[in-house]
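Below is one structure, written out as structure tokens, with a few remarks after it.
By written order: A, B, C and D. Residues from 1 in each chain.
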Amino acid sequence: MTDASADPSETYAYLGPAGTFTEAALKQVPEAQGKTWLSVNNVGEALAEVVAGRATAAMIAIENSVEGGVTAAQDALATIPGLRIVGEYLVKVNFVLVAKPGTKLDDVKVVNAHPVAYAQSRGWLERNLPDHGHIPAASNVYAATSLFDADSNADAAVAPPGIVDQLDVEVLARDIGDNPNAVTRFVLVSTSKAIPPRTGADKTSLIVELPDDEAGSLLAMLEQFSTRGVNLSLIQSRPIGDALGRYRFVVDLEGHVEDERVADALLGLRRFSPRVLFLGSYHRADHREIEYHSKYDDEIFIEARDWLRGILSGEPEA
Amino acid sequence: MTDASADPSETYAYLGPAGTFTEAALKQVPEAQGKTWLSVNNVGEALAEVVAGRATAAMIAIENSVEGGVTAAQDALATIPGLRIVGEYLVKVNFVLVAKPGTKLDDVKVVNAHPVAYAQSRGWLERNLPDHGHIPAASNVYAATSLFDADSNADAAVAPPGIVDQLDVEVLARDIGDNPNAVTRFVLVSTSKAIPPRTGADKTSLIVELPDDEAGSLLAMLEQFSTRGVNLSLIQSRPIGDALGRYRFVVDLEGHVEDERVADALLGLRRFSPRVLFLGSYHRADHREIEYHSKYDDEIFIEARDWLRGILSGEPEA
Amino acid sequence: MTDASADPSETYAYLGPAGTFTEAALKQVPEAQGKTWLSVNNVGEALAEVVAGRATAAMIAIENSVEGGVTAAQDALATIPGLRIVGEYLVKVNFVLVAKPGTKLDDVKVVNAHPVAYAQSRGWLERNLPDHGHIPAASNVYAATSLFDADSNADAAVAPPGIVDQLDVEVLARDIGDNPNAVTRFVLVSTSKAIPPRTGADKTSLIVELPDDEAGSLLAMLEQFSTRGVNLSLIQSRPIGDALGRYRFVVDLEGHVEDERVADALLGLRRFSPRVLFLGSYHRADHREIEYHSKYDDEIFIEARDWLRGILSGEPEA
Amino acid sequence: MTDASADPSETYAYLGPAGTFTEAALKQVPEAQGKTWLSVNNVGEALAEVVAGRATAAMIAIENSVEGGVTAAQDALATIPGLRIVGEYLVKVNFVLVAKPGTKLDDVKVVNAHPVAYAQSRGWLERNLPDHGHIPAASNVYAATSLFDADSNADAAVAPPGIVDQLDVEVLARDIGDNPNAVTRFVLVSTSKAIPPRTGADKTSLIVELPDDEAGSLLAMLEQFSTRGVNLSLIQSRPIGDALGRYRFVVDLEGHVEDERVADALLGLRRFSPRVLFLGSYHRADHREIEYHSKYDDEIFIEARDWLRGILSGEPEA
């Protein structure tokens, strides 16, 4: 499904087709606008395009996705060398009920829906269409496109809101998902080693293996953060898979590798852990300024280094 | 889909229908054999049956499920009061390619498959059936049952191995999943407050909220474990959802609440955390004996209490 | 120097003779008033009287003494079994210059003084009596009493303020010590296992040995305190003496063994350490109310135990 | 008592006179041999000579001294700016009983002794000279020199072993101290900012103030050491004296400021503490090689910095 003629430095891979939540995430990326967008079938394909140099970046779901693949994405980032996260995007996960123009809600007897989307809007459907039937779809977008198949028996489809830009459908109902606050977190992944500039509202992602499985080694890992005032926004243990009881940790921390406190925590982590993978520093999707105690300011780190340098050089202390 | 006449103390709810991986997990439960099994559509329904007293227990996927719902399951356990985990079960996740009797692999042109199962066996399918088409199914089991629909165009289906007990199908290929080591972890959930007996190979599950989001509060939480030599086998942050940046932690620890070191850690945790939910102590699915340093033996805790009691009572020390 | 006829339950040993700073500490003990006071020569003798049952308690200097013996006192408490601290007393350490009645400061050519007291008032003496000579004395009190020896060459003596109650001397100058804030901390030591009542302004003294000399074992010890919000007011490493690099720690903590947070810290400590010696809980000499975070209130500990008891008994949670 | 004509770069101050334990420590300093030795009266004077530039260094007792002044020495190092410890020396503290030539032990009726030395050899004296009298002396050396005073009533003196080099005395008994293992630790203090070379058997001395007196700040300080595998050989709380309940800590750690793990711990400490005073890195008196886990090797620190530098520069990781 790749387009061999596309300029890889101008190509973005995403879980397609047009209309998915993943595409909605990609629409948030200013530098991707007007470039080639490469629709693929799953996370593995998306990252393979990037690794092979056929795409400059891939948009993948990394947390709470209704399109699946989150665990696969985390494990892929942990095991495929050379990948970096360069941006984070949030997409409100909600569903619309759509039909061919002219259809009314009362006419709907059969609903086409991806099984996961169906499960997540089942409450609304049972309340409003108590006698409906369900036809499964291979994806959220195909649920809607299949309405136009000649042999389709479905009267309506559960679809992402973006579907209205792709198809001539009528929206019979909005916000039919059972959880009105559902959000999926996406990351843009590339092989570029250039780090997005520090903004003060940044996040840094890491994969860390513990030196052993003794009680206390997780604690020792976290001390590397807390002793520098670095907050975590995500921590998740994942079995490494090579042996019983060994784990790696997916960690998101608040701050940028160019923040002194983060850089120093990374140094501590690298000394402590047999394997620590830097997945990138990037602007937070929520643009929220990182708050931290002033005792972890860059100046404090710089001053301490100056002080130590003075001692080591034999100069009098200030 | 509930059976009103069933004896709730003899009824087990599970994500059905017969043939799912969840049913395979339930088959591992000795006390469920010969009882009423209630097939439901999703985790929410399964837990609702238990809470309503219509089922004595529900089997739900809690980690790495290909049938979905893991995050929903974790969040449900965190928010629905009164639930307890009473058992843990592992099911090897693999798929078979099945067809109506007499079908040969070479005959297969169209494959029916749940979208997630399809994604996970896509590698095998593309290698062995490069020109196949895909028809989505609402579930892994329906993929196979639909082969017998009069109007079905599919020649084969991707299905769980258990399907052979349900349908008169022929297995065209086994182990077609792309990840040969994939395992899903299931838990049996009930409202019973009786705790399964301590076996020495136990696990305890908790939900813990941190007192605030300061750097260091996660560390302080983990100190409650490490200072008593209690190992964690799972830790996962989950946004609480009521405010930005607040997390709860899903924690599995090695040991039983009747182990002194675990009981003491729970005491420390309860004092530390504004909310800690005990989800249960239960036998580990892998039967692996817990290893811990002898300085955390029950006797050490008991001896220390005797010592303190002696001091407080004014008796001479030994 | 013991008085064999004294009732041991009514006898207090102290570093004498009358007039010492230690006697000034003993004067602060209400229950010692009107009882037999036994003057001894050093800390070892004082504690020996208590251990032998010839004295009900001994007053000894434990920190910042000008009369010496602090290290010896700490080591004695660590090694002599059965001793308990039952009270704490502070004495302002200052000196007066005294002489036989009729003597004027201008007349003073030779000063009798214990060498340590002399060192501590040397500044004043050199400024005010630049040409004086020094005769050493065996103790601060003997410095003054020797003025009345027939063959004494001294014109004045450096002595504790309490000397005026013992001898018919004239005070030529007050507050001649070089450090106006000097204070010595004394403790009253007995073999009674009865613990002084909790007042809210208490201190608890411990001797703790670390399990080994690895980096981190001191930290692990202190976690036992910090994780229960228990503050230390004194920590001091002392070589154990049986092997290179092994230390015991003299620890004073804020609170009473009947405070839940302190009791729990002691439990943790006892489990952690190969040897922990409870030296007593007693009212603080400065009467300062202990401040601690409300999350370490007794109620929190009691509530947590109730919660755990409910879980273990299989009762429903509140 | 200073010698104005002495070359300060060639002058060593010590608690004199010749024959003291402090002199015995100074005799262990190769570079001091053949230079001017300046005998002073106490620690304060010794350090004042150094600060004023009249002495190149001063030998002072810092732990377990029978000559007193240890607390004063610690507090002086904490408050007098510009001082550095450049060497550590151990002197076995024992006493000899000496007399004028021709005296026999049986002849001894009166013993001259510094009060502290007397207390420490009282056991031997009472066993061997049960009826002896005691005349106090201003110092251990004067106890012996006074034997030669015309009007002395003493028959023998308790004195340091070094006295035999100073006076024509006969040793009546050796090793009469009650504690056969007693050792005093001395340090050589100068204002030189040059740090003695790293030997692998080094010690580093610090004074650290805690940011506040909350439970946990001492723990946080020690984490700076333990997280880098740095062991402490001494820790002692000392009241700062400016306010109730504030403490500074006298800390000796194993290692040299040029060890990466020590340098990094100092950086962490400096960021953490409102005031940390580097008192020097110097060769250990016991020449014992520092043992530490290989994960704290210099190479580990250097490798981690290289790794971080690669990330920050945008170069591909190795």
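Note that in this section a residue touches a chain if its C-beta (ideal position, glycine included) is under 8 Å from a C-beta of that chain, and two chains touch if they have at least 3 such contacts.
Molecules present, by chain and UniProt name: A, B, C, D = Prephenate dehydratase.
Please read all numbers here as calculations on a predicted model, not as lab measurements.
Keeping to the contact definition above, tell me which chains border both chain C (Prephenate dehydratase) and chain D (Prephenate dehydratase).
Neighbours common to chain C (Prephenate dehydratase) and chain D (Prephenate dehydratase) are absent.
Take the average of all CA coordinates in chain A (Prephenate dehydratase), do the same for chain D (Prephenate dehydratase), and state the distance between these two points in whole angstrom.
A distance of 59 Å separates the two centres.
Where the CA atoms of chain A (Prephenate dehydratase) average out and where those of chain B (Prephenate dehydratase) average out, how many Å apart are those spots?
The mean C-alpha positions of chain A (Prephenate dehydratase) and chain B (Prephenate dehydratase) differ by 24 Å.
Indicate the whole-number Å distance between the mean C-alpha point of chain A (Prephenate dehydratase) and the mean C-alpha point of chain C (Prephenate dehydratase).
62
By the touch rule stated above, which residues of chain B (Prephenate dehydratase) touch at least two different other chains?
Those would be 223.
Quick one: label the inter-chain contact graph as line, ring, star, complete or other.
Chain contacts: single closed ring, each chain with exactly two partners.
Tell me, which pairs of chains are in touch?
Touching chain pairs, listed by label, are A-B, A-D, B-C, C-D.
Please give the residue numbers of chain A (Prephenate dehydratase) that touch chain D (Prephenate dehydratase) in the complex, ascending.
Interface residues on chain A (Prephenate dehydratase), with respect to chain D (Prephenate dehydratase): 82, 193-195, 211, 220, 223-224, 227, 257-258, 263, 266-268, 270-272, 278, 295-296, 300-301, 303-305, 307-308, 311-312, 314-317.
Over in the complex, which chain D (Prephenate dehydratase) residues touch chain C (Prephenate dehydratase)? Could you list them?
Result: residues 41-42, 64, 68-69, 71, 114-116, 118-119, 122, 134-139, 142, 181, 213-216, 218-219, 222-223, 225-226, 229-237, 241, 244-245, 247, 286, 288, 292-293 of chain D (Prephenate dehydratase) touch chain C (Prephenate dehydratase).
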